[in-house]
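You will see chain A twice below: alongside chain B first, and alongside chain C after that.
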Partner chain A sequence: MNTAALKELLYKMADDQLILGHRNSEWTGFGPLLEEDIAFSSMAQDKVGQSYALYQLLHALGEQAPDTVAFTRNAPQFHNCQFVELPNEEYDFSLIRHFLFDTAEAVRFDMLTQSRYEPLAQLAKKIRGELRYHTLHANTWIRQLGSATEESISRLQAALDKAFPFALGIFEPSPFEDQLIEEQLFAGEQALRLRWLERVQTILAETSLHLPDVTLTTPEFGGRNGHHTEHLQPLLDEMSAVFRIDPTAEW
Partner chain B sequence: MVVSPTIEQIREWLDEVKDPEIPVLSLIDLGVITQINLSDHEVRVEMTPTFVGCPAMDYMQREVIECLQRRGIDQPVVEINFREAWSSDKISEKGKAALKKYGLAPPPDNSLFTDLEILERAQCPRCGGDNTELKSPFGPTLCRAIYYCHSCREAFEQFKPV
Partner chain C sequence: MYGGGTIFENIKGTELENEDPGQLAAFEARIDRGEKIEPRDWMPALYRKQLIRMIEQHAHSEIIGALPEGTWITRAPGFKRKMALMAKVQDEVGHAQLLYSAAETLGKPREQMIDDLINGKSKYSNIFNYPAFTWADSCFISWLVDAGAIVNQLANAKGSYGPYCRALDRICAEESFHLKYGHHCVIYLATGTAIQRAMFQEALDRWWAPMMHFFGPSDNISAHTETLMRWKVKMATNDDMRNQFLDMYVPKIWELGFTIPDPNLRKNETTGRWEYTEPDWDEFKRVINGDGPCNKERLAVRRIAEERGRWVREALQSKQNVYVTPLA
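After this line comes the complex of A and B, so read on.
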């Protein structure tokens, strides 16, 4: 088994979950409705928990313990896509990101249930079930607000236009793409992107929203190689503030 | 190991350990104990979380270890893994009845859960009626959703099918 390829895959997935989990948690206490406050907080808990399970798989492959990996790296050592580190902005942008990212995530874990690396396939089967609630939540709101009032439609459309190049950055090809596919560890970013587009378009077709032309959009790549926006490091500083006060503290 | 129990005995002992968030439900009835193995030198228990991000998992693991130690098992091995993933179908009939009595609608059978339409309605644990509406697929803990019963004019929670 190509361990380097597997680790690269696990790191980018775990980092995506951790960073978006943290962003989701920033809605705690600020949601536009109590139910949304609870929803984003619950999804934060799911995502951070899922990142922990993925870091555990990495730990079993010889990487450092989950807390060390999560709280002691700096931005250039993170492999999340830039999409997840962008600030929450208003609810419209957070909702669009939740829809675009979580749809990709649901497809990714669905594909990974077929992985030849058994611990990952087992975890993927579990996570796939949980993500049904995330995509249900996203799809419900996109359907409602995407065909409600002029304001809700124009706000979501503007958020979609802004988010789309970053969403395409999720699928930045890995240097190990061929090995992952060949060894049946993961069917690859290209296959994922195709299935993602289809699902996203199916939902958007029920609304007044339009997906920007994918052939005319330049994806925001770089995150997978440690190139991040100015927004990631402040997030990491805040996330690890308590840990850094006393890294050996017992909780 | 001081005593040599049977697997059935261990299951009985673990039936005393309750879910910290739903204290009427034992870990056995919840279905999170996936394996119990005995060998000459070891009692080995495998557990799996209801949700990957369940914050109560470490607590439950500790409770299982302490329960076994109280019964004279010196060094039980309690491992958490995903080898046999949890689904809401693993909740026993006794567990489902306990949930309902506690005021939490038990999860519907997963085989019915082919699409998410089934989530729209749940049977109210108070009146037993289905004039209900899903308010949010997320609730006070990861494993619960919030519903409203139009007959009782009150909210209730359902243990989510997963």
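After this line comes the complex of A and C, so read on.
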């Protein structure tokens, strides 16, 4: 088994879950209605929990403990896509991101249930079950708000236009793409992207929203190689503010 | 959490004059027998008014209380704390949802309650007008403010209004986990490094006075609540609840080696009651009337959240989204 390829795959997924979980948790207390506040908080818990489980797989492969990995690295050492680190902005952007990202996650972990690396395949089954609720939630809201008022439609369309290049950044190919496919660890970003586009388009077709032309959109790549927007480092500084007071202390 | 220190108004002698004496007597007899009053049952207007006021204050306290702790979710040290704190604060917002629903059964819509919160007409637990400066402050809230709330809520769960009691039963079950979480966090600070210990001692110094205020003004200066106690709206006096809290938690704080900033605090073994320096009730009144360190910030955050979310709520009410009851 190609351990370097596997680790790279695990790191980018774990980092994605951690950073978006963190962003989702920022909605606690600020949701547009109590029920949404609670829903984003639930998804935040799932995502941070999923990142923890993925970091544990890495730990079993010889990497440092989850707390150390999550709370002491700096932005260039993170492999998440830039999409997840962008600020929440208004609920429109957060909802569109949730829809686009979690649809990709649902497909990704569905594919990973077939991984030849058994611990990952097992974990993927569990995560896939949790993600079912995330996509159910996202699809319900996109259907409702995507064909409700003039304001809700124009807000979501603007958010979709802004988010789309970043969403395509999710599928930035790994340097190990061929090995991952060859060793049947993961069927690859290209296959994932195709299935994702189909699902996203199916939902959007039920609304007044339109997906920007994928052939005319340049994906925002870089995150997988540690190139991030100016938003990630401040997020990490905040996340580790207490932990760094004394990283050897137990909290 | 956060049910403590409800502020009741003095009841005017005239408020029961318009009630039918027969219905009133039957209502009181039901309460005496320990029956629960349900939404469609007859109740005096005053009972309805005071209950709405109390449940609404409780609900507001939950969402405002989510703010000082919520701000530490993004900074919680380590996975274990981060996940637990997220779940805890989410519970609190869930409690608000339950409580607004309980209050709605008495006829006041949630939107109106939230409007009254934002425009300053309704109150919430005074303690959340103080800032959570450090991680240890958030631990103080999770442990001791929740502990205080449990004292209050366990009493209220035995009250007379069915929907509120049922909400409280569920809330108390969740709160007991919060208490464990908070206590666990404080034990780690108490047994940790010098920095960690000092951090909690400072939090204790900051939060002790608001904690003593939490249960409301002492009985000899608080509003007359005999009628509300007879109707099982208010279940224990402020001083009794404060005493119960001190009885349960002062020994635990001392056990961890911290100093409570009140040289006069001691249990009088003869009376079985705690003695303490009388809290500064003028400060309490000043803060509850809007002049505390965080009143403006708390309401501003709530107002912004409401304004930013308006388009979402409007879209949900648009014609396309009208809920149609399924035929089968």
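By definition in this document, the second predicted complex is superposed on the first by the 250 of 251 C-alpha atoms of A that agree within 3 Å, B and C clash if a C-alpha of one lies under 4 Å from a C-alpha of the other, contacts with A are read in each partner's own complex, and residues count from 1 in each chain.
As a convention for this text, a contact is a pair of C-beta atoms (placed from the backbone, for glycine too) under 8 Å apart; a residue touches a chain by one contact, two chains touch by 3 or more.
In this text the structure is predicted, and so the values were computed from the model without any measurement.
Between chain B and chain C, the partner in contact with more residues of chain A is C.
Using the contact criterion defined above for the overlaid structures, shared-chain residue A:D67 touches chain C, although it does not reach chain B. In the overlay built on the shared chain, the residue A:E130 is in contact with chain B alone; chain C does not reach it. By the document's definition of touching, neither partner reaches A:N88: not chain B, not chain C. In the superposition on chain A, contact is made by A:E151 with chain C only, not with chain B.
Of the two partner chains, neither chain B nor chain C is touched by A:T229. Touch criterion met: A:E35 reaches chain B and chain C at once. Once the two complexes are laid over each other on the shared chain, residue contacts for A:T217 go to neither chain B nor chain C. Look at A:V242: by the touch rule set out above, it reaches chain C but stays clear of chain B.
Of the two partner chains, chain B and chain C are each touched by A:Q45. Taken together, the two complexes place residues 35, 38, 41-42, 45, 48-49, 52 of chain A in contact with chain B and also with chain C. On chain A, the positions that touch chain B within their shared complex are 35, 38-39, 41-43, 45-50, 52-53, 119, 122-123, 125-127, 129-130, 132-133, 136-137. Within the complex formed with chain C, the chain A residues making contact are 22, 25-26, 28-38, 41-42, 44-45, 48-49, 52, 66-67, 70-71, 90-91, 144-145, 147-149, 151-152, 155, 238-239, 241-243, 245-246, 249-251.
Across the complex, chain B meets chain A through its residues 51-55, 81-83, 85-87, 116, 119, 135-140, 142, 146, 160, 162. Across the complex, chain A is touched by residues 63, 66-67, 70, 73-79, 81-83, 86-87, 89-90, 93-94, 96-97, 100, 135, 185, 188-189, 192-193, 195-196, 301, 304-305, 308-316, 318, 320-321 of chain C.
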